[in-house]
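Both complexes below contain subunit A, partnered by subunit B and then by subunit C.
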Partner chain A sequence: MSSSENTASLYSQKSWRDHLNAFGPVIGLVVVYGIFLLVAPSSFHSLYNTKTFMTQAVIYGIGAMGMTFVIISGGIDLSVGSLIALGSVVTAMILRTAGAEEIGLMLPILASLSAVVACALCGMLSGALVSYMRIVPFIVTLGMMQITRGVAKGLAGQTAVNTSDNWLGSMMVIEPQVGKWYSVAPGLWVMVVLLIFMTILLRRTAFGRYVCALGSNEATARLCGINVSIQRIWVYTLCGALTGCASVMQYASLSLGDPTAAVGMELDIIAAVVIGGGSLNGGEGSVAGSLVGAIIMAILRNGCVLVGIPNYVQNIVIGTIIVAAVGIDRLRHKSN
Partner chain B sequence: MKRLMAWMIMMGLVFTGCGNEAPDTNDSVKGDGASADESLTLAVIPKGTSHDFWKSIHAGAVKASQELGVEIIWTGPEKEDDRQQQIQVVQSFVSRGVDAIVIAPLDNVALARPVETAVQRNIPVVIIDSGLESEAHSSFVATDNKEGGRLGARRLAEVLGNKGKVILLRYAEGSASTENREAGFLEEIAKHGEIEVISSNQYAGATKESALQASQNLLNKFPDVEGIFCPNESSAFGMLRALQSAGKAGQVKFVGFDTSEALVTGLKDGEINGLVSQDPFDMGYLGVKTAVAVIKGETVEANIATRLEMITPENLNNPDIQELVKPDLDKWLK
Partner chain C sequence: MHSSTDSPSILELRDICKSFGATRALHEVSLSVRVGEIHALLGENGAGKSTLMKVLSGAHQADSGEIVYKGEPVRIESPAAGRALGIAMIYQELTLAPHLTVEENMTLGLERSQWGFLQSDRDKVRDALTVLGHPDLPLNTPVNKLNIGLQQVIEIGRALVCEADVIIMDEPTSSLTEADTKSLFKTIERLKKAGISVIYISHFLEEVMEIADRFTAIRDGESVGSGEIDTTTITDIIELMIGRSLDEMFPRSDHAFGKTKLVVQGLTGTPQPQDVHFEVRAGEVFGIAGLVGAGRSETLRAIFGLDRSQSGSMHLGDDSTSISIHSMNPRKALKNQLDFLSEDRKEEGLATSMTIGENTTLSTLSRFIRIKGTGLINHAREDKHSSRWIHELRIKCVGPNQLVDDLSGGNQQKVALARMLEQDADVLLLDEPTRGIDVGSKVEIYTLIDQLAQRGKAIIFVSSYLPELFGVCDTIAVMSRGRMSAKRPVNEWTPHSVMEAATSGHEIPEECLSS
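On to the complex of A and B.
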């Protein structure tokens, strides 16, 4: 692939083709949804079910936003699943310092921030190792995956960390006010707010342009005066921080800190980014696309359960879609 | 443009495949006893689908569904430690709007909220196998696990001649059923003064593979162990393999919990001295029956205990025990 072309296209005005490409994942979403409309029971298109799969997409979606930046920068982060477990354990452990009645408003905020900071620091460490030790990201984050999983299990004392009821634990309730059409999981709003911020960060700031430049052609980026090492560390830190947000949602969804949660979730998240148009060669991808990728996967899981398709068929379907999405990406590059 | 077309074609391909398949591969079973209840649909959600134990529950559930003329849908998470996926399965069935849910919760805390949500939306829930820290469900159909643990302890004490060093290999964190068995075992074994528990803090983990590794490590650490108790099928299997590979099978007294083909073979070969056996078939059967009774507005017991049996090499060939060991699953699960 010619990376200079990619760089050029990122800076030039978008052509109609680019706009169409950006809709690829959305079309995929519509097609997947449409097919389930035909084969699934009528409850599939109920508002409540839509809320259900959207809520189920929150953890993957927020994780995929962070992963988008890493993948656009030409890297990869395999430690995301373990970080989600670590963050959920950190959240639960801080919440457990107070008794059931005294948790109040502030402690859950403190707990969430701690999880975000802890995960961001892990991300920063990965970034620093990639930048300064010159180890490829795959290996660094593969190591971090094991290390952070171990830390999570150690912190939690090898068992799930139970907490008393608190408002954070209600963030992922599908319909907090039963029967009200406008009532959705607060976690969903968090995802929407993050989507807006991250899209602006990627498309409208210098940092976002550095990330794209880094992934398109690192040598050129360096020659243009970008401090590649520092920018890369920020990318991994940002990914860590977003993963921290996802981990808080993981806590909310289980209402306990589970050190064995999200095993292998990094691969689902990478798949969501790839389905959403991210290229593992770097330089390409969008936050919204990745989110759509995450939603497609959530619909697949939800729809397959509703239709009554056994697990193994779900695996085959999801695997096929991942390969298909990348295959189509290749085709597109050829035609360009 | 090409991408767009390709997307649509690929999606189409993937899904026509899966759409056509759906009616035959979905595990829903329609009862042939046609009646007014035929429109009832129940979701039965196991902890996993790979263990033989769950297949027996499935068979029992199918039997009940055929007798009562209701439809059941059988779906569970792939891994027995994937709490998140089980929650999602419950949520999906709630939004699908089934008439009742029969579930073996993977975690006594994490599944509480999804179950409460189901009950809020007027879907009664019957819990089977493992407990749930909630008041929302209608009934709890399960083995008296503590009693099962005691049964295992008594058998181990008997074959050890009331003295020796024993190991308890625990199953996994947060699983109420096995924690109760472990507690029952420790409680009963403590009554046999000359038996010393040299290890009771190791966990087998959710898979047979992790159980094997934990067992090997334990056997290396305690070469002088004389008796072992494992609280479920996968941990017992891992321990059996570890004993075999260490050349200690048959020398160390070993009592397991639950049955599978491999474990029963071990019993026949004298490598296992006893298997506490639940009746999963009965559990699946009673779970569905109870759920249907709840839908019909009948009052049901809050706790329903299912059958427990100690299987030993001596009583293995009794017809009664054979039925427990080798239920005719094919009859129910095509």
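On to the complex of A and C.
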């Protein structure tokens, strides 16, 4: 009798801790924001600046949502940065086929879809190589990172692809209707919709459950009759598709397709996932957490600029936060 | 001042208490070990054995109570301090550096150097190996070239090089073959002769009866009894450990055999099994005995499609079409009413960082989809089903949303069984279903197997533990070096004839065996 009471109290303590774990990234966000409130000039907490860093978080945030699935499944995708460049080039090249007057409504949709499909196919290829050739994801996607960067450069002819004005370009405008408090970048709404969709996919569907099982214990997943190879290919394909969405936002932010854009961005995106509670051992992570991680990184960049911290200090600060976030995570696991 | 009986105590733990937060792990536990005795520490999983040994080896600090070592009260503040005193712990998982040599491993952390150059401790190492009965073991062999039995000798040798007087062994035989276990026992006898005391922790009570001099049993963090092994029976010890009378360790009813559910023909793998044939009927519990490495697990894994086999075919259920075992995979096996319980629940059987509910429904998730095609899971229905198994199997937990990681071994195994019950296949392949779990849970699992057989399931039961095979199975076959003997009713076997068949590889007719 007494032992069952003991265990019950032990578990209730744990669930309290679990709640803390879930809100860990949010607490981090509040702390980072709070620090900049104290040290940054008043322009930092203006509504416009909040919109600014949230818009800056869109590309990282959408990329991080796809990466979350890969990391929960126990893998990693290093090709994301190159795919963002490739997708932006694909978008720009399709838009360039029409003259300025003829772009209209449909062509940007076609261009965006093409970028998403192109990136998804690259992801699918990575997944297939991991599943069927049994090469570790780190190596496959490291290779894919170089290959897709090369393809992007080749397609674009080594230079940025300029396009005429079209509605896609307004996706990343910080305040489309100047002075209206409710007006935010359309890309931000895309991110919110994707957040809801991806959260449901991860937490409420069989696919999401299989992704968690794959990362938690692949042997168990196999034992339970889950087609591990196929599920893994879907995970990388999904990550590619989300990266494709991010690449359209990348195009939109500059209205050009730049094959040299987003170099090293995969590491920032992985960092966002890890700060958001994702474990590189697989089995752990959340879409919302990763998004919070991406926002934390965006606030850091934005805040550092406003405070006037030189770029090299920014690197040091961000690096420290990545290691600290994972360090805290380890301690948390140990205490459990 | 501290002597209790004939030979003096080298070590006494008195009224040790230890709590973790609100959980009372140990309450006034006492343990007295004499010089040169083998003292078994017994208890169910979660009874507090590991915590007690961690207090003794210095990994945990007791909240109250005292440790008296060689007549002096001592405080052991770290494992290093414990080693320095002469208390060495040998963990279940060996802790050798695989690429280093025998000598390097045995002196690891104790190296003496002069002018920065390592000084050889060959003599000390050689002495230790001589005590352990391996005077000729080459010192410059990397330990990963040694078999696991010898690796354990090196591990024990390391304790001797530290001049330990008390060696704690935590489940030392769990990964050893029969032969390695025998030689470990010889090693322990040698330690005893050398005046070293051994605290021996094991789930295998038969082993304890064979090797130990005295025992202490603990239950729910309290010492519940100790005594001489010679004047105690296994039943007494089990009753002490589980705290209730054990009229029948193996509850068993008569099973009515029905139709043949599984026929396996000519199953051959690389390198094992070799040309295995058998069939199982509905309501039959078919046991496969044999030594570790005889190919029993490999047989089950090939049938379930987890390991690739070379050739072989099977018939399932009433279907007369033959299926090639080579083309089997777990998905197909589950669809064909086959289910498998892994011997390794941590590495394979369960996703331990997921919840009880998620693990229970992982193989049957498609039955919990709200609207076909959407993949949306009906969580309420899922919870209802897993709660039902939690209740029926008496899984100790707060609810279906608790992580499997938080459960004890016995309760984890029940989660794996819950998944099997939810799957509800006709043919169940159970690979060491009671390995490493407490006695109470074992009895519950035996009861469950009996009930499943009554409900017409065909069950294949692989175990290395003979008493349970004899207690649970209707029929037994023995595997040896990949080959399987003919299946016979359990009453035509004796433990002796099983062991003969397991070690010789031939079936020995009952009448030829001298008793």
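The working rule: the second predicted complex is superposed on the first by the 322 of 336 C-alpha atoms of A that agree within 3 Å, B and C clash if a C-alpha of one lies under 4 Å from a C-alpha of the other, contacts with A are read in each partner's own complex, and residues count from 1 in each chain.
Going forward, a residue touches a chain if its C-beta (ideal position, glycine included) is under 8 Å from a C-beta of that chain, and two chains touch if they have at least 3 such contacts.
These numbers were taken from a predicted model, which means no experiment stands behind them.
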Quick check on the superposed pair: does A:79 touch subunit B, subunit C, both, or neither? Answer first, second, both or neither.
neither
Given the touch rule stated above, what does A:237 touch, subunit B (first), subunit C (second), both, or neither? neither
Practice prompt. May I ask you to decide whether A:247 touches subunit B, subunit C, both, or neither, giving the answer as first, second, both or neither?
Written response: neither
Ask   = Which partner does A:225 contact after superposing on A: first (subunit B), second (subunit C), both, neither?
value = second
Of the two partners subunit B and subunit C, more of subunit A gets touched by chain B
| field | First, second, both or neither for A:309, with subunit B first and subunit C second | value | first
Query: Is A:328 contacted by the first partner subunit B, the second partner subunit C, both or neither?
result: first
Field: First (subunit B), second (subunit C), both or neither touched by A:112
entry: neither
**OP:** Report for A:126: first if it touches subunit B alone, second if subunit C alone, otherwise both or neither.
**Re:** neither
The shared contact residues of subunit A with subunit B and subunit C are none
Note: in the complex, subunit A contacts subunit C through residues 2-4, 6-15, 200, 204-207, 209-210, 212-213, 216-217, 219-227, 283-284
So, in the complex, the side of subunit B touching subunit A is made of residues 1-4, 6-8, 10-12, 14-15, 18-19, 21-22, 25-28, 49, 73, 75-79, 81-84, 87-89, 91-97, 107, 109-110, 112-113, 117, 120-121, 173-174, 203
Touching subunit B in the complex, subunit A uses residues 17, 20-21, 23-24, 27-28, 31-32, 35, 38-39, 41, 43-44, 46, 48-49, 51-53, 55-56, 59, 158-160, 162, 169, 173-175, 178, 250, 253-256, 258, 260-263, 301-302, 304-311, 313, 315, 317, 320-321, 324-325, 327-329, 331-332, 335
Listed in rising order, subunit C residues that touch subunit A in their complex are 20-24, 220-221, 306, 330-331, 333-335, 340, 342, 347-354, 358-359, 362-363, 365-366, 368-369, 374-377, 379, 396-398, 402, 406, 419
